[in-house]
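Chain lettering (A, B, C, D, E and F) follows the sequence in which the chains are written, and residue indices restart at 1 in each chain.
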Amino acid sequence: MKWYNKNKIDRIINMALDEDIGYEDISVNSIFLEEQDAKAKLIAKESGVLAGSYVFERCFKLLDESVNIEFYKKDGNTFEKQDVLATVKGDVHYILTGERTALNFLQRMCGVATYTRKMVNQLEGTGIKVLDTRKTSPNFRIFEKYAVKVGGGKNHRYNLSDLVLLKDNHIAAAGGIGNAVKRVREYTPYIKIIEAEVENLDMVKEALDCKVDIIMLDNMSIKEIEEAVKIIDKKAIIECSGNLTLEKIEDLRKLDIDYISSGALTHSSGIIDLSLKELELL
Amino acid sequence: MKWYNKNKIDRIINMALDEDIGYEDISVNSIFLEEQDAKAKLIAKESGVLAGSYVFERCFKLLDESVNIEFYKKDGNTFEKQDVLATVKGDVHYILTGERTALNFLQRMCGVATYTRKMVNQLEGTGIKVLDTRKTSPNFRIFEKYAVKVGGGKNHRYNLSDLVLLKDNHIAAAGGIGNAVKRVREYTPYIKIIEAEVENLDMVKEALDCKVDIIMLDNMSIKEIEEAVKIIDKKAIIECSGNLTLEKIEDLRKLDIDYISSGALTHSSGIIDLSLKELELL
Amino acid sequence: MKWYNKNKIDRIINMALDEDIGYEDISVNSIFLEEQDAKAKLIAKESGVLAGSYVFERCFKLLDESVNIEFYKKDGNTFEKQDVLATVKGDVHYILTGERTALNFLQRMCGVATYTRKMVNQLEGTGIKVLDTRKTSPNFRIFEKYAVKVGGGKNHRYNLSDLVLLKDNHIAAAGGIGNAVKRVREYTPYIKIIEAEVENLDMVKEALDCKVDIIMLDNMSIKEIEEAVKIIDKKAIIECSGNLTLEKIEDLRKLDIDYISSGALTHSSGIIDLSLKELELL
Amino acid sequence: MKWYNKNKIDRIINMALDEDIGYEDISVNSIFLEEQDAKAKLIAKESGVLAGSYVFERCFKLLDESVNIEFYKKDGNTFEKQDVLATVKGDVHYILTGERTALNFLQRMCGVATYTRKMVNQLEGTGIKVLDTRKTSPNFRIFEKYAVKVGGGKNHRYNLSDLVLLKDNHIAAAGGIGNAVKRVREYTPYIKIIEAEVENLDMVKEALDCKVDIIMLDNMSIKEIEEAVKIIDKKAIIECSGNLTLEKIEDLRKLDIDYISSGALTHSSGIIDLSLKELELL
Amino acid sequence: MKWYNKNKIDRIINMALDEDIGYEDISVNSIFLEEQDAKAKLIAKESGVLAGSYVFERCFKLLDESVNIEFYKKDGNTFEKQDVLATVKGDVHYILTGERTALNFLQRMCGVATYTRKMVNQLEGTGIKVLDTRKTSPNFRIFEKYAVKVGGGKNHRYNLSDLVLLKDNHIAAAGGIGNAVKRVREYTPYIKIIEAEVENLDMVKEALDCKVDIIMLDNMSIKEIEEAVKIIDKKAIIECSGNLTLEKIEDLRKLDIDYISSGALTHSSGIIDLSLKELELL
Amino acid sequence: MKWYNKNKIDRIINMALDEDIGYEDISVNSIFLEEQDAKAKLIAKESGVLAGSYVFERCFKLLDESVNIEFYKKDGNTFEKQDVLATVKGDVHYILTGERTALNFLQRMCGVATYTRKMVNQLEGTGIKVLDTRKTSPNFRIFEKYAVKVGGGKNHRYNLSDLVLLKDNHIAAAGGIGNAVKRVREYTPYIKIIEAEVENLDMVKEALDCKVDIIMLDNMSIKEIEEAVKIIDKKAIIECSGNLTLEKIEDLRKLDIDYISSGALTHSSGIIDLSLKELELL
């Protein structure tokens, strides 16, 4: 994540540090009145996929540039319970003051990456790719979308200006997909991808006629999806959607679709339990 | 939440809107070239506890002051699947552009409140209160802590300058709880509450000797906790902690403790599925 | 522009007002010690295309919500020298204090729209569309890209995460377009459009083989472009680029290409001279 | 520009980088998956005056402190087409991600400096100095005013609290220059310079009677100006203004005036075409 | 202060409200669970000069636009102990939550205005004007400088880019006032006022020779000042400076100088005790 | 102060530097056209207690990381008139540009610490501790509260969410202290400290009955306080308040109370006069 928009990342981390510190960490500052070097270990309390090592590091670096973090795994690697993932070295004030914020970032990111990896694995051999959605935690999207990628997923649009997604409301208001697409082509540059969300086979055909780039089959039954796949016949990218969780996607394995998108990746993955332990004064 | 720090709330919502909008909602702006009044319903797709109605409203109001939201439930009320929770009325651009951000806030807040309510209910009749932790989503703490309260829980410290919490690392570095508490009393105003996290009965006694206000029994067995309760004998507030989820707290019902604190409230509650539906042009 | 990201627009305008005001407008505040209603006319001192009426209005509204602006033209309309474009009514302090900032925005936006319109007109009947670039004024892109649209042009990517544009450096580093595209498809979601910048016919063929979505012919001669068009044969979108100004595009009229992109639209359009005149105290 | 308000400069550059990067540069990040040192040359594609080398450098330094920029010219130096102005060395991600923003700043600043230099040269030997105005690009004033200085010009007021400039509207509302100046002297500290904009010889006399520091002759004919110069007779500083471009100032050479001010310097100078070329991986 | 830079004022007030509120006013929010209209009186607990009524109002308005404040005095008016200065009406949450911040602003501003007024009165009849300095509270300058004006004083430069002030260090480094002034005239526009700080009569003469606009006699004895006044002989503005407090300026009354500047105005004026009392629920 | 919230501190200092610099320090930049190393001494012009050395250092470091400051005293140490407190070394531009802002911070902080120290000393041997209030300079609280601690005082609540303080208005609205405390215990976590402000002995008894943690005796006579002390009988912490200045606290020495709180510490302490002198070019 090092080459992502550094400014944006640092700004969000700084806000989070500010939120967690308030004026000062009175517990640490009471106990340690002088500079004191220390080190501590980042230990996994359950297995998972690492995502966010750079972010974890920045949480400490933004408190003090001289804190040193060494990771023994890279983003995307799996780890097991009890694995030592990293060592943090520096003045004890910064280690303890930054601990909670750094873990709050890392645990959530590992949670998303781990959940995504499971879904990706479940679809292995099918060619179906896993997409995230915009159902992300407010002001945390850049981190969650990155974690999806680390887990093996792909990112759907980042925001509302990224691509055109025509939903039922747009289509109804425009008087059908055909009109909607026409208005879109007039308004936006041709260069924007157009996706249409459809709910039945008639809409599939209409979308196909309008040459949208992607057709999203929303909450369709397996049977309907199979039918839709035939109709589309490779003339548009196919994305399946609709409350898809780990439990439900097994049924989709056999389908000849391109993508499934799942809000659960970013809103229901939970965290991976990690801990900063074995603090040692040096 | 209306009388919380409005400035802070609006700032975070504005950032989230900015994150989701980018330059413009090209889908909506393509379809609707003129002002167009509309209304839509906020519908529950599963049961839960409402939390965040004010925040949901601000998401639209910050786009356009004249959007009108009417809620049929108040924060803290329960709702069932299919319940219409609110009606949103205003220019269709603002309704559709603000939809996802408003839902992202509300769904997470309802998730936290619902999970908390379940835990509170499970402890009903015991006098034990449920506390949150600092294991919150970065830059989202004010909303999650509020949702915990709405669910019937209580808020532990907001940040590191709020109260003193002496953990193993502080205690070890100071050379025992006694020394640690002494340093704390010198450094901070007496007016700060002091809590000590203890892991065994010897530490309980030591903490008690130092007259800390709250003793946190961390990851102790039921048996140890019972022993600790006797030793403390009402001379300090007792908080139990350690990966407490809905599944595990049943065993704690019979204990004579004051609080249990649970990170799961804010990091593993998941969301409550809500949807903006039945958009109607007026 | 009313339905663009309002938060972003207001933030930039507020910064600009802050830049221009400093502590206070000492000239106005010296002269007018009390509230004083006034009105003034926005007058064109040369002909052009209007773009930015909403932004002009916000410059005053952000000083005082009760200032009232009535425009007699809409964005996209042409106007002639001496035309009265709008009337501004409100407390004289806000009218005079906001004047320069409002004009600085509007004049630049009209400049871009007018220049774009000329280029679009020159290509009339050809089907070739005009695209902008990222060669915009720092922190002014949202306004300049909007003005391009108002002028009849289309917007190329807003920023570096919008679409993939493979230039000579990327291609060389990857070892050819083929490798570059392969890496891109692995890294980004399929859903991103891929454009390749090519400088000769061999590269055109290579790009075509990789199935990029858009091929940008950079600084090619008319003859080469004609050759490229034949090779591409409608299998990719064609964009021509390379210091294209109003003077040079006449030659491109006869070519069967999709887009020409021009940095001049946003970096060399100049302004349209507008003035706030005939201030009248009420 | 190194000793200007660093905080302000960095804030504006960071905003511009954020604007151009979005989440990440997907083109660069696709191609280069590991750290990769590189260097590139900043080459002039037309002749001009250098202004903004420090700003160009900061654009990269704010992405990564270890990027190294060596300039072969200093601000104020002229350069010719094909001149290598600087070498940029560092990780290829930062070079390519920062390129466009750095050039957008530098090209505009060189444009302003070059245009100003031409105007200054045209007035050489006359003692007449060239002033800018407040007709600058929003949020870009500090860079444009600096570039004017580099080009040999002088800066008129930075903002509305800088000095008092009495225009027609103020004068009319106060009931003549005399009253206006009186009010100004009461309201502001004496220490503010007072300038009056006059449109005819009567106003010149009135302004002179009030002992304003500077008299701005706005849109007067050469003949009127000559008359005004005589009347003023060195008792006030004389500034000529009114759509003065390179083409029009030749006529002013013979006049015994102190300053000419020109909005064109910052709103119509255009850019100087510069390019980052010959990227070489190290 | 209504026509000062509103954006800047609101930003500073919002920061201060945020500083004082934290997450919420738990005292008020505990007691009042529903909306509750109320009113309260702003009462003077000692006599003074009112300054900051607009700022006081904004502190409440920024919490809730519908809070209503009616002032019975205007900025610049004097008041006596026990005077009711204003009534605040609105929801009790906003009145009590905003109270401390609003008073913190107003008390300091009245303190500065009152102290300034005393100094101005003490110099009455002499023609000597009172100037402030840059020795202001960080991030509070706009309010303190305004209060100085309300008190009858004048504002010296707002910041370091406002006018040139040559002190001993500059003069020594340049090799005398002459050289310093020469460099200044080359670097800055002529339009900047130049002031020189001098410590003895030789420097006075040198400064006079260089035609600086203002000569600041720093820490000179009455006798030296009298001598300097003769030497300067109206050819420059004279400012006296050097730890001038209310107690010391009596001696300066007889001198023929233009200004005295005093840091004490903004760093040692203390506050005027004001209180929000007699809260009444409506 | 090094381990306080660094982000918050730097943000406030940066704002203050921005406020004082404007665009550039035209005096320094006129005189010194090239880099020029220099050093200067920070000299006390009166005796006092040092507070803010870290903040003073940051004012320069935020302009240029390579400026070096060596302090000869530590925060909390006393110093005498003429003492050299520190040496500042670095490029002369940064030393002179940062001077005023650095002194504005340091002088105020030393003022608060010195005043607090005097009050603390006056109470020596009594066991009574000195508390600050929320009557701080807007946006300067973190610095003033720190200075109080350095002076030997303790910090009362930082903000409105820190602890519950029931004042007359809350108590009246709730219908007595009893009801107020009950509501508070329902609303806030038990973990918040509750303080009640009382004005007479009946209220003392009522507060005691409700088991508030701290009773604040507001503006009571010595006699009443003695009575209250007896009634409270160590069952609550006692804080005395009400316009307590250095002059008035002598009378309180004999009382058996825990704290006195004084707004004067932060609103009427004045500054300690410090100066940057003996600038030497290296």
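Assume a contact is a pair of C-beta atoms (placed from the backbone, for glycine too) under 8 Å apart; a residue touches a chain by one contact, two chains touch by 3 or more.
These numbers come from a predicted model, not from an experiment.
Undergrad: Going by the touch criterion stated earlier, list every chain that contacts chain A and also contacts chain B.
TA: Common contact partners of chain A and chain B, which must touch each of the two, are C, F.
Undergrad: Could you classify the chain D-chain F contact as same or different, where same means more than half of all interface residue numbers appear on both copies?
TA: different
Undergrad: Tell me, please, which chain's centre (mean of its C-alpha atoms) is farthest from the centre of chain D?
TA: B
Undergrad: So using the touch definition from the top, which pair is joined by more C-beta contacts, A-F or E-F?
TA: E-F
Undergrad: Nearest whole angstrom, what separates the Cα centre of chain C from the Cα centre of chain E?
TA: Roughly 44 Å separates the two chain centres.
Undergrad: Just give me the whole-number Å value for how far the CA centre of chain A lies from that of chain E.
TA: Spacing between the chain centres: roughly 51 Å.
Undergrad: Taking each chain's centre as the mean position of its Cα atoms, how many Å separate chain B from chain F?
TA: The mean C-alpha positions of chain B and chain F differ by 32 Å.
Undergrad: Can you work out the whole-Å distance between the CA centroids of chain C and chain D?
TA: 22
Undergrad: Note the residues in chain C that touch 2 or more other chains, in rising order.
TA: Correct list: 21-25, 28-29, 97, 158, 161-163, 188.
Undergrad: Per the touch rule above, enumerate the chain pairs that touch, sorted by label.
TA: Contacting pairs: A-B, A-C, A-D, A-F, B-C, B-E, B-F, C-D, C-E, D-E, D-F, E-F.
Undergrad: Which residues, counting only chain F, touch chain D once they are in their complex?
TA: Interface residues on the chain F side: 14, 17-18, 21-25, 28-29, 62-64, 93, 97.
Undergrad: Considering only the defined contacts, which chain D positions touch chain E in the complex?
TA: 129, 131, 154-158, 161-163, 188-191, 193, 214, 237, 258
Undergrad: In the complex formed with chain C, which residues of chain E make contact?
TA: 3-8, 142, 145, 158
Undergrad: Using the touch definition up top, name the residues of chain E that touch chain F in the complex.
TA: Its residues touching chain F are 12-13, 15-16, 19-33, 36, 92, 96-97, 100-101, 103-105, 107-108, 134-141, 158-167, 169-170, 172-174, 180, 183-184, 186-188, 192, 243, 267-268, 270-271, 273, 279, 281.
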